[in-house]
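There are two complexes below, and they share chain A, which is joined by chain B in the first and by chain C in the second.
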Partner chain A sequence: MPDLIQRQGALDRFAAAPRNIPAAALSVLPDSARLSFRGRPSAIDAAGAAFGVALPRDACRFAVKRGRTAFWLGPDEWLLQSEGEDPATLFADMSGKLAGQSCSLVDVSHRSQAFALSGPQAAYVLNHGCPLDLSLATFPVGMCTRTIYAKATIMLSRPASDIFHIDAWRSFAPYVWQLLDEARSELA
Partner chain B sequence: MSGFRHSTAGRVDRNKPVRFSFDGKTYQGFAGDTLASALLANGVHLVGRSFKYHRPRGIVTAGSDEPNALVGIGADEAHYAPNMRATQVEIYDGLVAESQNRWPSLGFDVGAVNETFAPFLSAGFYYKTFMWPPKAWAKLYEPLIRRAAGLGRAPTQADADRYTQVYAHCDVLVVGSGPAGLAAALAAATTGGKVFVCDEQSEMGGSLLAETTATIDGLSARDWVARALADLAARPNVTLMPRTTAFGWYPHNFLGLCERITDHMAKADPKLPRERLWQIRAKEVVLATGALERPLVFPDNDRPGVMMAEAARIYANRFGVKPGDKAVIFTACDSAYRAALDLMAAGVAIATIADLRAAPCGPWIDRVRSAGIAIRAGTVVTGTTGRLRIDSVSLATVGIDGNPGSSENIACDLLLMSGGFTPSVHLFSQSRGKLVYDEALQAYLPGISVERERSAGACRGIYDLDKVLSNGAASGTGAAKAAGFAAADTITFSTTADSVGTDGFIGVTPFGGPSSKARAWIDFQNDVTAKDVRLAIREGFRSIEHVKRYTTTGMATDQGKTSNMNALGLVSETLKVPVPQVGLTTFRPPYTPTTFGIFAGQSRGDMFDPLRKTPIHDWAAEQGAAFEDISLWKRAHYFPKRGEDIHAAVARECKATRGAVGIFDASTLGKIEVVGKDAAEFMNRMYTNAWTKLEPGRLRYGVMLREDGFVMDDGVVGRMATDRFHITTTTGGAPRVLSMMEDYLQTEWPGLDVWLTSTTEEWAVIAVQGPLARKVLEPLVEGIDLSREAMPHMSVREGRICGVPTRLFRVSFTGELGFEVNVPAGYGRAVWEAIFAAGQPHGMTPYGTETMHVLRAEKGFIIVGQETDGTVTPDDAGLGWAIGKAKKDFVGKRSLARPAMTASDRKQLVGLLTVDSKTVLEEGAQIVADPAQPIPMTMIGHVTSSYWSATLDRSIALALVRGGRARVGTRLSVPMPSGPITVEVVEPIFYDAKGARLDA
Partner chain C sequence: MLLITCPHCGPRAELEFAYAGEAHIARPTDPMALDDESWARFLYHRANPKGLHAERWRHLHGCAQFFNVVRDTVSDSIVTTYPAGQPRPALPGDDKGATR
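Showing the complex of A and B:
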C-alpha cells in the first residue's frame, strides 16, 4: 500500500507564493466538504436541520454557522459547504437524515476550488472580468451568486465588505486566478 | 513671441520644455502641447499625404475630427501605433512620430504621380477603369491600388503593451466636459448619485479652455472650469475621466469608453495598462458631446495652411501658438469673426474676411470692423496656390447670377474657414435615437431618445453659453432624478458672452458652376471632391447611402465628421430636394478609431481562453507528452519516447495496451449525476435505451438523440443505486447534454422527482486497459473483488483504492479487459502515480488520445462527432440494438419513425480495407462506386475514421456509405488527386469480433 495520499488543490502551483498586493490580495481557501442539494420545497427544512444551518430562502444569500455555509443558488438548489470536514462523513450523515425525502444530494467536494480576493480594491479587480455591480448597495455582505469571470463560470460570495470568495471549477480555477492576478498588477 | 509661440498665452507649461521627433527631425514643444500644436509652434504645417492622390496635407482641426494629420507614433515596432491623430497625441520627451503614406519623403513623394492620373481616379474608378481584363484585377490592379492608397502601416511586432477591461456602474454618465457637460455633472453630483464624467481630451473644459472673453459667475471661463473641476473632484460620488473617449453605445445604456492611460507619459509605469476599456452600465446618460466646425468646400481647399477658424483660435488661445503670419478668413458665420479677433491679438495679421453671406451684421462684425479688419461680404474663395503650404488665395464677389466674378489674388500663409457648426450626434444616433433635421440650423438634431438619454448643449444645437449652461444643468438634474436622486435646488449661472449666432453653410460654395474642373474637397481623408459627388449623382445615385458607398465620402476613419453635411448639402442642391429626403448615413461605433488592444484586453496568449487541464496533466507534461486541444481541454495526444514520431509512439502504445496494459487519462469525460426516485424514468425518456431493469452495480452504454432523431451524444452510464445514475458523456458534449436534460426536466417533465448535478470535475478518471489490467489494480483496491465472476464486464463497484474512495467501472473502450478508476479529483494524480508504479512490473505504458482512437476503431466503436455529424441515426451508426423497442417514448423516437429515417439507402457505418494494405485513407475523403465516371462523380459516402493499425499491421477505416451494409463484400473507390484508391467494404469491426478479450 502506498503512502497516505494527500489531496491536491487546483491552485497549489499559484498559491505557494502569491504576490503581496494588499489592495487586492489573493489567497486559497481551505479544503471543504461540499454537497450539492436540490429538492422539493418539502425537503428544504429537513436539509437545513440535517446540515445544521437553515437553508436561506432569499435569492442569492448565504447563511453561515460554525464553519458550515449554505449558499442559495436557485429556487431548488443550494451548495452546502463544511470547512475541513471529510466529505464522505458529511454525505453519509446527511443522506441518512434525508432518506425518503424528495431531493438529491451529490458530493461535489473536489469539483471546484475556492479562493479569496480581499482588500479595498477587491471589487475593482473583480470587475475586470465580472460584469455585476459590486457596490455594497447591490451586492451586499451575505450575497452569493453564480456569475462569470471573463469566460469562466464562478460562484461569487461576499462574506465581508472587502472580501470576496470565488469558487471555480477545478480546471477553470487557474484561469480565473491568473486573470485576477494580472488585473491587480496595477495595484502592486 | 518667439517664432510661432506666444510668450505667455495659453495653457502649456513653459517651464517644462519637451523634445520630440517628427520624421527624424527633433523639435521642441512644451508640456500640455499636442503633437499638432507643437508642430505648428515650429512652423510645420505639412504633416501628411492624402489617401488617394498623395496631396500634401496639413493640420485642419484641433480635435478628434482631424481628417488629415494622421501620424505613426512609437520608438519601436512593439510600441508602434499608426493612424494617430496629431491633434490628440500629447507630446512627451522622446516621442517619436512619423508621417504616413509617403515615399521617399513627405516633401517629395513619388505617389504624388497619382495627381497626374487624377482624371482617371474619379468616383467609382475601381469599378470601371480596372474592369478589363478580369484576371488582372486580383493579380495586378488591386495590389497596386492597395499599395498606392492607404493610411498607416501595421507594426511588424506584437504589441508589447498591456490593456485591461473593467465593468462599472453609475447613476449618471456625462459624456463631454465642456460647459454643458460640467453644468450637468455639477447638477447631478449635488443629488448624491454616482456620477461619471468622461472627456476625450487631456484636459476637461471643452470649448471653455480656448475662451478668453466670456465670464461665468464673475469668473473667467478658465477659472470657472478650474473651480467646477475642483468641486467635482472633491466629491466622493464623482469620477472624472479625462483622456477617455466614449466610443460606442450598446443596448440598455451600456457604453464603451476607452481611457488612454500611458500614451502621454515619457516613462510609463510598467504596472499600468496602456489603455483601459470601461464597460459602463449607466442608469442615465447625459450626452454633452458638443459640435464640430464645418469646413467650406471651395477649389483647392486642402492645402497645408488651410485650417478651421475655430481650430486656429484654439491653437492661439489654448496653446499660445500662432498658426501663421498672415491669414485670410473665409466664413459663413459669426464665430470666425471671434476667431479673427483672438488671432489678431495673438499677432496674426488678418488680411481680409471673405464672408459668404451677402450682408453680415451684428456685434462681432462691428467689433472686427472697428479693429480695422477688411470685410468682404458676398465673397468666395475661387482657388488657392502653394505647393507644400498655401501662399495665396483668390477671392471673388458672387454676382446676382450666383456665380463669382473676376478673382483677386491675396498673398497669405494661412486660410481659415468656417461653415458653421455640426452638432455631434454620433452617440445619440448609435443609441438608435432618430435624428430630426432642423431647417433653420441646417443640422440634424437629436429627436426622441430611445434609451435613457439626454442630449445637452451644442450637440442638440444650443450654442449660446448661458443657454448651454442652463440646458446642461437641467439635463444633469433630470438625469439624476430619473435615476432616483432628487435635486436639492436648481443650479443657475450668470454669464457674459456674446452670441455667435447660428449661421452656417452646407454644400459647395459657388466657384464656377457644376462643370468646373476645379477640385474642391468634401472628404479630406478619403480624397473625395465635389466633382466626384456630382458624378455619382449624374450616374443615377440618389440616396446618400448610395452616394456614400460609390464615392466613399464619409467612409474614412473619421466617419465623415467634417464632410457628411457638405456632401448632403451638395446632393440636396443638385437634386433640388430637401436635405431630409436625401437621408443621413447611420453612425456606428467607434466614434473615433479604437485600438484592437482594448478589445482583446487580457485575452491574449495562454489567457485567451480557459485552458482546462486535468489533475493528471502535469504528470503527462513531465513525461514529455504531446497535447491536443479537445474543446477547451488539453489532452495528452501521445507519449513519444526519444526519437519517436507520432506514428512510432502510437504503434508502440497500441501494442503495449493490447499485449500487456496501458494507462490513459479519461478525466475530461463529461459526468452528470442523476438522482431522485424518478431517476430511471428520466433516463428512459432521455436515452434510447431501456433503464428500468438495469440493476444497481451495472453499467450500460447509452445513446441520446436530439428531438430530430439524430445521435447527439453517447456514453457509459452506471447505476449506483435505484435512485442514482452516474452518466458519462463525450468530452465536448458535457455542457450541451446537461443543458438539454435540464431543459426537458424543467419545461416538459417538471413533475419528475429527479435532479441533475454536473460531476465532470469531481472525478479524475484513470483508464487501465489491457490483459494485465486486473493484475495491476488488484493489490491497490480495498473492498472490491475484481475477479471475472464477481465483477463482470460492464459493472461498477464502490470502495477504496490507494486509501481513497473510488467508483470503479469495469468498462472497455479498447476491446481489452479494462477498468476506469474514478477518484475524487484532488487525489487524481497521486492515484495515477500509484497505479503507474504498480503497473511497471507488468510493462504498463501510458497512452494518449491517438492510441485510444486507433484501439476503439479496431473494435468499430464510434466517436460521436467523428462517425456522426448531426445527420446520423442510431441505426445508421450500427447502434440499432441500443434502441429500446418496447419503450413508450424517448427524445427523438417519433422522428425515427419518419420514412426517410429508415430508408435503405441511408448512409450506414461500414468498415473499409484498402486493397493495398499499406495505404492509409484520408479522413473526410469521398467514396464513389465507379472512379471512371465523369466528373462530377456521384459521391456515395465518406471516410469518417482512418488509421494505421499496428496490431493488424495494415490500414483500417470506418466510413458512412449509402446502403453500406448491403455493400459489404463489394469494392468501392476513393478518388484522390494521385488517383483512385480501391477499398473493400467490410463489417465495421477489425479485431476480436466475438469480444472474448474484454470479457477476460
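Showing the complex of A and C:
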C-alpha cells in the first residue's frame, strides 16, 4: 500500500514547538526538489538554460529566479533547488533537455533537510560550531558554501544579512539543529 | 589551526580539508613493465623532506576538489597553494625535496 507511506521530515519532532528566541530563531524550510548537477564546461550553459537560472560561475555564489536557486558548490558542481516542485517532474524535464551532454544529474531531494537560522545573533550562534568568518565582508549576502558544523558537513547560504539557510543531510539534521538550539540558549 | 587557501574558495580552516600525501607522483603508464624495486619505489618511497614539501590536499567539506600545497615541514607554515595539474612553482630556497 504505497499510498499509506508518508515521508516524514527529519526535524518534525523539533520543529513542532521551537523555543521563541528572536535573536536567533530556528525554523524548518519547506520541502524542495533538489538536483545535483556535475558536468563538463560545455554542459554548464545548457544546464542553466534547462533550469531557467544561469549557473553562477563565481565561486561560492548562488543565483535565484522565480523560486528556483542554483548553488555553486564546486568548479564542476551545482545544487539546483526548486521550492515546492515535484522532484520527479523537474528531473524528467531537466534530464530530457540535457540528453547528449557530458554531465550527470542526480535527484537528491530526500537526501537533506533545510532549515533557517535568522536574527541579529544568527552569525554568532553559527560560529559556535562553524569556523568560517561570517562577517558581511567575507561572507556577503548571496554567498553559499559547503562547510562543517561541529562534526557534520552542511551547506550554508546567506539569502539576507541576518538569515542563514542550513542544509544538512537527513540523519545529521537533528544533530545540527540540537547543537544550534543549545548554542542559542544563552540568548533566551 | 592552519588557515589553508583553497584555489577555488579562498582561505578556510584546516578542519574543512583532508590530507592526501605527497604531490606530483605520477603513476607509471605501464606498471607491468616495472621490476619490483621500481614499483615499490612508486608505491611506498616518499621524499619526507625537512623543509618545503609539495603535497596534495582535498577541500573535502567545501568544493571537494584536490589541489596542491607547499608546506614547510619544520614550521608547519603554508607557503603557497595551486590547483591540481599545475607544476610546482619556483620558490626561493626550495630544493624541491632533494633529500629523496
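In this text, the second predicted complex is superposed on the first by the 182 of 188 C-alpha atoms of A that agree within 3 Å, B and C clash if a C-alpha of one lies under 4 Å from a C-alpha of the other, contacts with A are read in each partner's own complex, and residues count from 1 in each chain.
Everything that follows uses one rule, which is that a residue touches a chain if its C-beta (ideal position, glycine included) is under 8 Å from a C-beta of that chain, and two chains touch if they have at least 3 such contacts.
Note that the structure is predicted; figures quoted are calculated from it, not measured.
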Partner contacting more residues of chain A (chain B vs chain C):
B
Touching A:75, do we find chain B (first), chain C (second), both, or neither?
second
Figure out whether A:112 sits in contact with chain B (first) or chain C (second), or with both, or with neither.
first
Examine A:99 and indicate which partner it touches, taking first as chain B and second as chain C; both and neither are also allowed.
neither
Considering only the touch criterion stated at the top, classify A:148 as touching first (chain B), second (chain C), both, or neither.
second
Identify the partner contact of A:131: answer first if only chain B is touched, second if only chain C is, both if each is, neither if none is.
both
Applying the touch criterion given at the start, work out whether A:16 contacts chain B, chain C, both or neither, answering first, second, both or neither.
neither
Overlap of the chain B and chain C footprints on chain A, residue-wise?
131-132
Chain C residues touching chain A in their complex are 1, 8-10, 12-13, 15-16, 61-65
Would you tell me which residues of chain A are touching chain C in their complex?
59-60, 73-75, 77, 131-132, 145-148, 153
Contacting residues of chain A [partner chain B, same complex]
1-2, 4-10, 31, 36, 38-40, 76, 87-88, 102-112, 124, 127-133, 135, 138, 150-152, 169-172, 174-175, 178-179, 182-183, 185-188
Can you check the complex and tell me which residues of chain B touch chain A?
162, 164-169, 194, 271-273, 279, 281, 602-603, 607, 609-615, 632-633, 673, 675-677, 753-755, 757-763, 780, 802-805, 824-831, 834, 837
